[in-house]
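What follows is a set of notes on a single structure, which appears directly below.
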Amino acid sequence: MWVFVWEKGYQETDSVVSSVTTKAKGVTVTNTSTLGFRIWDVADYVIPPQEENSLFVMTNMIITMNQTQGLCPEIPDRTTVCKSDADCVAGSTSTHSSGVATGGCVPFNETVKTCEVAAWCPVEYDAHVPKPALLKAAENFTLLVKNNIWYPKFNFSKRNILPNITTAHLKSCIYDAITDPFCPIFRLGKIVAHAGHSFQDMAVEGGIMGIQIKWNCNLDRAASLCLPRYSFRRLDTRDVDHNVSPGYNFRFAKYYNDLTGTEHRTLIKAYGIRFDIIVFGKAGKFDIIPTMINIGSGLALLGVATVLCDIIVLYCMKKRYYYREKKYKYVADYDQGLSSETDQ
Amino acid sequence: MWVFVWEKGYQETDSVVSSVTTKAKGVTVTNTSTLGFRIWDVADYVIPPQEENSLFVMTNMIITMNQTQGLCPEIPDRTTVCKSDADCVAGSTSTHSSGVATGGCVPFNETVKTCEVAAWCPVEYDAHVPKPALLKAAENFTLLVKNNIWYPKFNFSKRNILPNITTAHLKSCIYDAITDPFCPIFRLGKIVAHAGHSFQDMAVEGGIMGIQIKWNCNLDRAASLCLPRYSFRRLDTRDVDHNVSPGYNFRFAKYYNDLTGTEHRTLIKAYGIRFDIIVFGKAGKFDIIPTMINIGSGLALLGVATVLCDIIVLYCMKKRYYYREKKYKYVADYDQGLSSETDQ
Amino acid sequence: MWVFVWEKGYQETDSVVSSVTTKAKGVTVTNTSTLGFRIWDVADYVIPPQEENSLFVMTNMIITMNQTQGLCPEIPDRTTVCKSDADCVAGSTSTHSSGVATGGCVPFNETVKTCEVAAWCPVEYDAHVPKPALLKAAENFTLLVKNNIWYPKFNFSKRNILPNITTAHLKSCIYDAITDPFCPIFRLGKIVAHAGHSFQDMAVEGGIMGIQIKWNCNLDRAASLCLPRYSFRRLDTRDVDHNVSPGYNFRFAKYYNDLTGTEHRTLIKAYGIRFDIIVFGKAGKFDIIPTMINIGSGLALLGVATVLCDIIVLYCMKKRYYYREKKYKYVADYDQGLSSETDQ
């Protein structure tokens, strides 16, 4: 009974089909020695420019300008430092090397010599991540999430831009769990804060944020009561005590040709926050078939009561022999019974 | 019983595991004042070049050529028009601004003055979307969808390019719900038309189309009867009366370096149609365990009949007292019963 | 009973919520007539640089350098070869053409004439796929998969980099089903080999590999026993006898501006392997509600025994008349019964 009413056993249910589009907005400036004064807008920091249920915002980066194909010394580390050519195996390449070794041992700087590699030169030096993050102002960028849902069984569809949201409101509103829980525009800093993390910490090494949209709808009621509920979660859980390979980053390059037709590239190791939009939900609507099935099962469970009572009375209670006597009519004389049957 | 036969209660079921690849084909030309005569092919209009279950085809765009980092006046609107420097706050940036204000108020044209910003200059002017869409010929582009499915429990796999489709047929066929329902090549215009929308309307501001592939297979029958069913749906439902933030667009840029090493970019606000491929389905196959469980549950439901009859007879009918008397043997003399038990 | 214990009917279950990030590593060189000696690193062969649950590694390619918008003859095939201008329809374009026909018939080489098209010139000639694959060394590239899972009902989260994996181990380990089944770094060649295919074959025309991560957890036991299980599957099943449209490839371009501002591009038809990371799993934990429901259903099934016995005894056995007589008390005199009821 409880199951029937509480779990809405009289309803047929359906899972949500969803489509999501996202759009980030915001501009910031950086002023670094390598890049000088530089403006960053959406086309610069969203990579790739569109994805299905996801959006990456670059918050930090290591830029290696003007790489060309050539020969240069490796970044010094445990495996690349060398004393003479004998320490470097020509043609060798390991998982962490930037290029293919030529077999030469060349000076990296005045004190250290490293193996020479054929690579995009100069090779990237990524030991120091800028801190605070270069695009720390991304905290104030906004993210518009457009979400259309559809319940195929009930042919019910709805979008997260509710009918009472006007174009003017959409231009200025910002999601807030208490004051504006249905505005589909989120401030990036607030998303991270709602999940209980610090945006500035997360911006340095990157991470994954989940924006969860829950559409639980009781379609026996008015469609206007079917509303999206937003929640936020950091998806790349960080153990404080087991901080191996934290954050989120990847490398990409912009390619140029110079006057002589030589290919150059700017290599960017991009750290940032990927926002994954996760839509889920169930809709229920009264339907006669699950109602009948659930009522049936419920009653079948009642039938158990009879069996249980019998078991207790006949096998467990002190006076069980007495009850058994009353309960069962022993078909005592088998042969007699047989004869009386043939008599009929 | 009905549930058992109709819902195939004697079968074990499994959900589909799927992989999708897509490939668009088609070429068109545009002839505009900014770009001149220009050819557009797959590498130009599919952005990003590959995605997992999705493909974006650009159908319209606003191009801002030859942007460089610099200072320039904002596009005039309610917040950017100014009379003197006092109207512009240096360093300020809002969600909708193109750059960071310098604090200056400079002439935008002969009549209007706007705040100066540090930005990619000249800033984009996107108030007017080209209509009809620039790449309106995308209606005739084709989309090949390759889909492999797998039912892990039954180790059954199949692809949507059916065994009877030859390479020659695949080069020339076009999906049609009636004449060729198994050709995996779709004309973009037809996809939109099948969903009941107009391609030319959709091309202007963009949108999301769902290509649904349904693989419902009864594996008790021949594998050749397990066939894909295609259906099409516009996923970004548009309310005619609530047309807030319609369509689908995003911005991306192509970066160039000029002679002096200065970075230029061409900013493109791309409007277009994203095709999301949604694969779903269930396979069923006879299996002894669900059969037994379902038969059991069915019979248990029959047991309910007994209980129901009793309830009706004993509590609802007029002659209930008479039946109760017949039904129950009251174990009248409790003490006597106890003594008779101990006697045994 | 069997169902109850074996299928853990006393547990509440939950499905996994997952986030995935991937990172490829590896460098190789090619030496071809068109490109010369060239280094390929991550930024060159991973396209696009980041995706949600997927990573594409380019293994082979057809490069068409230095295309510009212009007029040039089509690649000769059945439809493009012509004898005079009369064979070419101006303005026509078919699905497989590279551009829009100008109506002219021009020499492709000394012996063949083809229709002239307005296109990115020279047009791509993709009849011959390099074999072996250009980036055949991708077999030794590695792929780090970082996966965080979360069971919302139990608020249980875990990552595939287990607590006992140190930074040092993570730098050097390689997944092996037997010797190191929990190392999250995979050699691309091994992934393909585990699925029973040849990397070098697959590299030529491309394909899709599934990396499946299964998290089946019994949360009644220690959390440290909840471990990821990796398995590998080729998702684009290849019928040997039905080899229509095999492999996986797509086209993309890198755009350049030359001195005069003319746009050039390098068109790349990229063949490669897309690695789709598929995370699934169920967690179970003891909970009183499903336990009660399942015990109830189980006992209800026991009730069936009574009904079944009755059916067999009363309808199937030889002495059924005798038993029926004993079982049923016929309420013989209906009118009498009625009167006796009113008497009470």
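Going in written order, the chains are labelled A, B and C, and every chain counts its residues from 1.
We take it that a residue touches a chain if its C-beta (ideal position, glycine included) is under 8 Å from a C-beta of that chain, and two chains touch if they have at least 3 such contacts.
Since the structure is predicted, the reported quantities are computational estimates derived from the model, not experimental observations.
Under half of the residue numbers at the chain A-chain C interface are used by both copies of the sequence. Rotation angle relating chain A to chain B: 120°, from a CA superposition, given to the nearest 5. Mean C-alpha positions place chain A and chain C at a centre distance of 17 Å.
For chain A, residues touching at least two other chains, in rising order: 48, 51-52, 256, 259, 297, 300, 303, 306. Interface residues of chain B, counted against chain C in their complex, comprise 17, 19, 21, 23, 25-29, 37-39, 41-44, 46, 48-52, 142, 144, 146, 148, 150, 157-159, 161, 163, 165-167, 170-171, 254, 256, 258-259, 264, 293, 296-297, 299-300, 302-303, 306, 319, 321-323, 326. Residues 3, 47-48, 51-54, 56, 69, 93, 95-100, 118-120, 208, 210, 233, 235-237, 239, 242, 244-245, 248, 250-253, 255-257, 259, 265, 267, 270, 274, 276, 278, 297, 300-301, 303-304, 306-308, 329, 331, 337-338, 340-341, 344 of chain C are the ones that touch chain B when the two sit in their complex.
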